[in-house]
Amino acid sequence: MTSATLNIGVVGLGRLGQRHAENLAHRVPNAKLVAVCSPVEKELDWARATLGAQHCYADYAALLAHPGLDAVFLVTPTALHAQQIIQALQAGKHVFCEKPLSLDLEDCLKVEAEARRHPHLKVMIGFVRRFDASYRDAAAKIREGLIGKPYLIRSQTMDQNDPGGFFVRFAATSGGIFLDCSVHDIDLVRWLLGNPQPKRVYAIGTNVIHQGLREFDDVDNGLATLEFTDGSMASFMASRTMAHGHETLTEVFGAHGRLTIGAGARLHRVEISDNKGIRHECTPDFYSRFADAFLLEAQEFVDATLGKGELSLSLGDATEATRIGLAMTQAMRERRPVDFG
Amino acid sequence: MTSATLNIGVVGLGRLGQRHAENLAHRVPNAKLVAVCSPVEKELDWARATLGAQHCYADYAALLAHPGLDAVFLVTPTALHAQQIIQALQAGKHVFCEKPLSLDLEDCLKVEAEARRHPHLKVMIGFVRRFDASYRDAAAKIREGLIGKPYLIRSQTMDQNDPGGFFVRFAATSGGIFLDCSVHDIDLVRWLLGNPQPKRVYAIGTNVIHQGLREFDDVDNGLATLEFTDGSMASFMASRTMAHGHETLTEVFGAHGRLTIGAGARLHRVEISDNKGIRHECTPDFYSRFADAFLLEAQEFVDATLGKGELSLSLGDATEATRIGLAMTQAMRERRPVDFG
Amino acid sequence: MTSATLNIGVVGLGRLGQRHAENLAHRVPNAKLVAVCSPVEKELDWARATLGAQHCYADYAALLAHPGLDAVFLVTPTALHAQQIIQALQAGKHVFCEKPLSLDLEDCLKVEAEARRHPHLKVMIGFVRRFDASYRDAAAKIREGLIGKPYLIRSQTMDQNDPGGFFVRFAATSGGIFLDCSVHDIDLVRWLLGNPQPKRVYAIGTNVIHQGLREFDDVDNGLATLEFTDGSMASFMASRTMAHGHETLTEVFGAHGRLTIGAGARLHRVEISDNKGIRHECTPDFYSRFADAFLLEAQEFVDATLGKGELSLSLGDATEATRIGLAMTQAMRERRPVDFG
Amino acid sequence: MTSATLNIGVVGLGRLGQRHAENLAHRVPNAKLVAVCSPVEKELDWARATLGAQHCYADYAALLAHPGLDAVFLVTPTALHAQQIIQALQAGKHVFCEKPLSLDLEDCLKVEAEARRHPHLKVMIGFVRRFDASYRDAAAKIREGLIGKPYLIRSQTMDQNDPGGFFVRFAATSGGIFLDCSVHDIDLVRWLLGNPQPKRVYAIGTNVIHQGLREFDDVDNGLATLEFTDGSMASFMASRTMAHGHETLTEVFGAHGRLTIGAGARLHRVEISDNKGIRHECTPDFYSRFADAFLLEAQEFVDATLGKGELSLSLGDATEATRIGLAMTQAMRERRPVDFG
């Protein structure tokens, strides 16, 4: 069954890169982790010790040249995505790349163009929520007509406050809260509404805790509203300052009902009753919320690449999410609604 | 509209007596609080100051002789109930009396016999949960067949721990945890199952915090199971030692579904999300849980007495609750199942 | 105790007027319903039959002339509020008036001016949510610092869809969804954030079911975002098209936590487990949600008027809610952010 | 890394056997599914088609003789467990066996004796709930003292009704509802209470839907109470007749608080709001509830067998669960409390 195995190299071994690498090494049937790549020696050490990785590269071009490599998983800084995807395609490799595709619309389009030149290669951007069992269940119920045609989605991504302000140090390159966090919600909204055309977006924000974001024209809490040409609407909230954990919540309103995904952000099925009342603990971060979805996402990529099934999202979807996220950011910075052409 | 007003005297002005008195004074249409009675001077002072009570009696017989008195509300120690009800009936007064009717089955039957001699007088024992909007809603849904015929009820009454152990001092006369607390659940079970005949009961208990209960052969946590002759069953739990508040929870199982009443014991519609998770606060005591029901209960009594509607529960119901509660207590103390004759 | 009773006339006996009248007749200590006023004969018949009302007026001026009248409750069309309040004040009566104060900012200011000429008379606009136990609990927790300084509130008012489209017929005079529904949320936001100055508002909307609203430039679903000069923000949603009931939900975000009020819109404490899953039923309309609050609201008005306690909200609060609601409506209609001067 | 792989044969390929086989084939690092065994040819066909199984045995002894086999997973009828475990041990194989160990106490003890003769071989009975993240979290919180010493556990296992009555056909050999279902709760209770000595058990039951169980002296709904010698208690409920799904719920009461595990039986993080209210769907069966736990369970077995970590539960635990389950069944059948020696 050799032909049915995909030889994969993981590029970037930060926290999320490590999770992808572990999944590919142990939990994704037909995937084989054959090499890793990171400029950080310590991360390569981790791969050797934890995964028994035998082929460790500091250089991306060297990884691409690894004998027998079929595909790469790019878990690298966003600024590198476009160029790395293009290089991989030109080297004949399938590509999985973490979201967002790019902060630059031109770069998104360049990637799309390159991909069109390699129709036999798969490229997938990791909008992981599409692989979450709850979001999938909601999408299926919408398709079946349970709530009628959806006309409004409210979606919020709220991170637990990191007192160390890790993300402030990355604010210069993150693209801002809407491109870093809300881009997931933007993709969800497009997916669940059936890909309507965006018409106009407006956004505001404030800095509650992380004043250091101001110099990057970024905020730690943002709100946005988006209109589509078909009359449907979306409302977004993104926050870096939650006390209780990571909460991803989406409400989909249809004429016959509403679906709510993620309310309560429950970590486990445990409730604690004590002199403070009755409570449950919450998912501390996005990975604890979406661990299973990361696995299914990798599985879909591997299966599609091996000829079993199709990818459920396209590069065009990723470009569109960037396009809307950029307009949202512009609206907030210029304090005015931004129209889509 | 004088004829449509019921002149009432409240007897017993402890915490619950005060609540009844306030309800009758202000919030029950067609009720008129005309007198109060308590052997405790301080309680009468409260009635004068808070309710503007003008007729305050230390002596029960004197209250019964109050000119124009139509009815009494007995919120007195259980040991006095039977005799006080009988006296009131003999004086020609309608009677509302707090639960339980009595800890002595003979006394229950004597009250029933006396009541039969005064068919024009209303007598009602305060099984307040029957007047709670949620329990009423559940009862209606059962009648409508929503869950099919109910075959099993699980009902628990759990009080917030009182570190002062107030109830320990009353353990000698309370009748024990099953007659003091579970008697409500017993009445609920009979009501919601359609008054089946009890067949056999078994009970166990333990003392977790209030070791002082041991000398009264009482426990601070008890469990009981009850079989009925028609094959239906009930499971009971009573506790004095909850940290989170007063929780009254009942689950009714039918062949087509289940109704759960009271899960979560929510105090308000407020949820708190903080670094401990997401929580809600709980009802601290039975009154905060059943305040509205006490009002509706008083309203039904007043209305029925004035000829508008019937009482929804009978003295026989109260006797039966005592009968089962006594057997449950006996089962625990004698460590064996107790059969009903 | 005659001096401690407030003689009240209720003006307007539509659905909500009837509820106010019943409360004042039976459930508000020290209130006395002495007269009612409605141009609709059938409504007066209802008052005679149900409340035993003896003084029924078709004419507002006649009601104001009723001997011994101390105060009026105005539950009339919004367009009449300002003039009726001014008339009542000039007649020396205390005034409770349903929200909103007026759809015209000039009229709001005229009412304020008139009220200043009668400092001994109380005027209260019925922002009923301030009297809801859950909102009060949240407000108290905020004051105590439980969540730190609030910086963002999300508040939504969602009505169950009325297939008959009752409100469409009133669209011409309702002021639109933001002034009719969101005005409550606006008042809540100001109250809970500590009355910050509004800076800029933006709003969008759509018509999902009730296309008849278009001719009034109104929508059946609206979204708005509001910035305050101190950096705090608010997000609003209003809907006429919910399938599950009336849901009023408010989330208050502070640096140390979040308070959520109203999630789930539970009608009772009953949960139903059947082959569809586990569910609870929802409050069908605003009155089933806020019945107790209407009572406390009336109680505060009566108490304050009788010299016991102060009103907790001012005419200025009502004017401000109208001012923001008007700007929100303008923003939606003109498709641009509206700045506050 | 050959030495670090465990070669496993799965015996029994019914529904649960298939799940175990899939887990071992794809998702348990260091496990290698090398052979399968079933007397049912169709099941072996499934293994060939789905897992690419190359070594399929109809005969258990033949499987045990498979070259290089290290361990077996027994997912066979309970009546076979003891003998099959003993055979495997005598053949020098590690053993994982589904619960319950046996319905016969003597057989349990024989297995224990045989296991003692092979101290280098691991034997594990699959009390899967001990590997569930929520139960583990609860156990950790108890160890940390969050709720004080636990004194009472209420645990219920409720299966969705199977109109086909699949289990009725197996009633003759299932051991009855307490040994088939409650045995899990019994194990949980012992684990979470710290293995106290059982003192006395009482149980009752009824047949609501599946009257065919009567001939086997079995019921479709059962209740039991268990006392331990240290004063702690447990309450059990088992049901075959739920409409809403499989619900496993456990409440652990301590002097300082309560932990509730599994309330709501949520399938996903999706809530549906429609004209029936707000609902969530439930786990349809035990596997959808415990899928992750089955994986962790297999992982612990494989790891322990390969020398990484210890098994967290012993054969003695399995024997004790059978002992209590048998007494519970006896109590129900003989309608009397049963004492432990």
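Order as written gives the chain letters A, B, C and D; numbering starts at 1 within each chain.
Throughout what follows, a residue touches a chain if its C-beta (ideal position, glycine included) is under 8 Å from a C-beta of that chain, and two chains touch if they have at least 3 such contacts.
Protein identities per chain, from UniProt: A, B, C, D = Myo-inositol 2-dehydrogenase / D-chiro-inositol 1-dehydrogenase.
Small disclaimer: the values here were computed from a predicted structure and weren't measured.
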Contact-richer chain pair [B-D vs C-D]: B-D
Chain at maximum distance from chain B, centres defined as averaged CA atoms: A
Centre distance in Å when chain B and chain D are each reduced to the mean of their C-alpha atoms: 42
Computed distance of Cα centres, chain D from chain C, in Å: 56
Shared interface positions of chain B, touching two or more other chains: 147, 242-244, 256-258, 263-264, 267, 272-275
Chain C residues within the chain D interface of the complex: 242-245, 264-265, 267, 272-282
Complex contacts: residues of chain A adjacent to chain C: 147, 151-152, 154, 200, 202, 204-209, 221, 223, 225, 227, 231-233, 235, 237, 239, 241-244, 253, 255-258, 263, 335-337
Chain D residues within the chain A interface of the complex: 1, 26-27, 29, 52, 133-134, 137-138, 141, 146-147, 256-264, 266-275
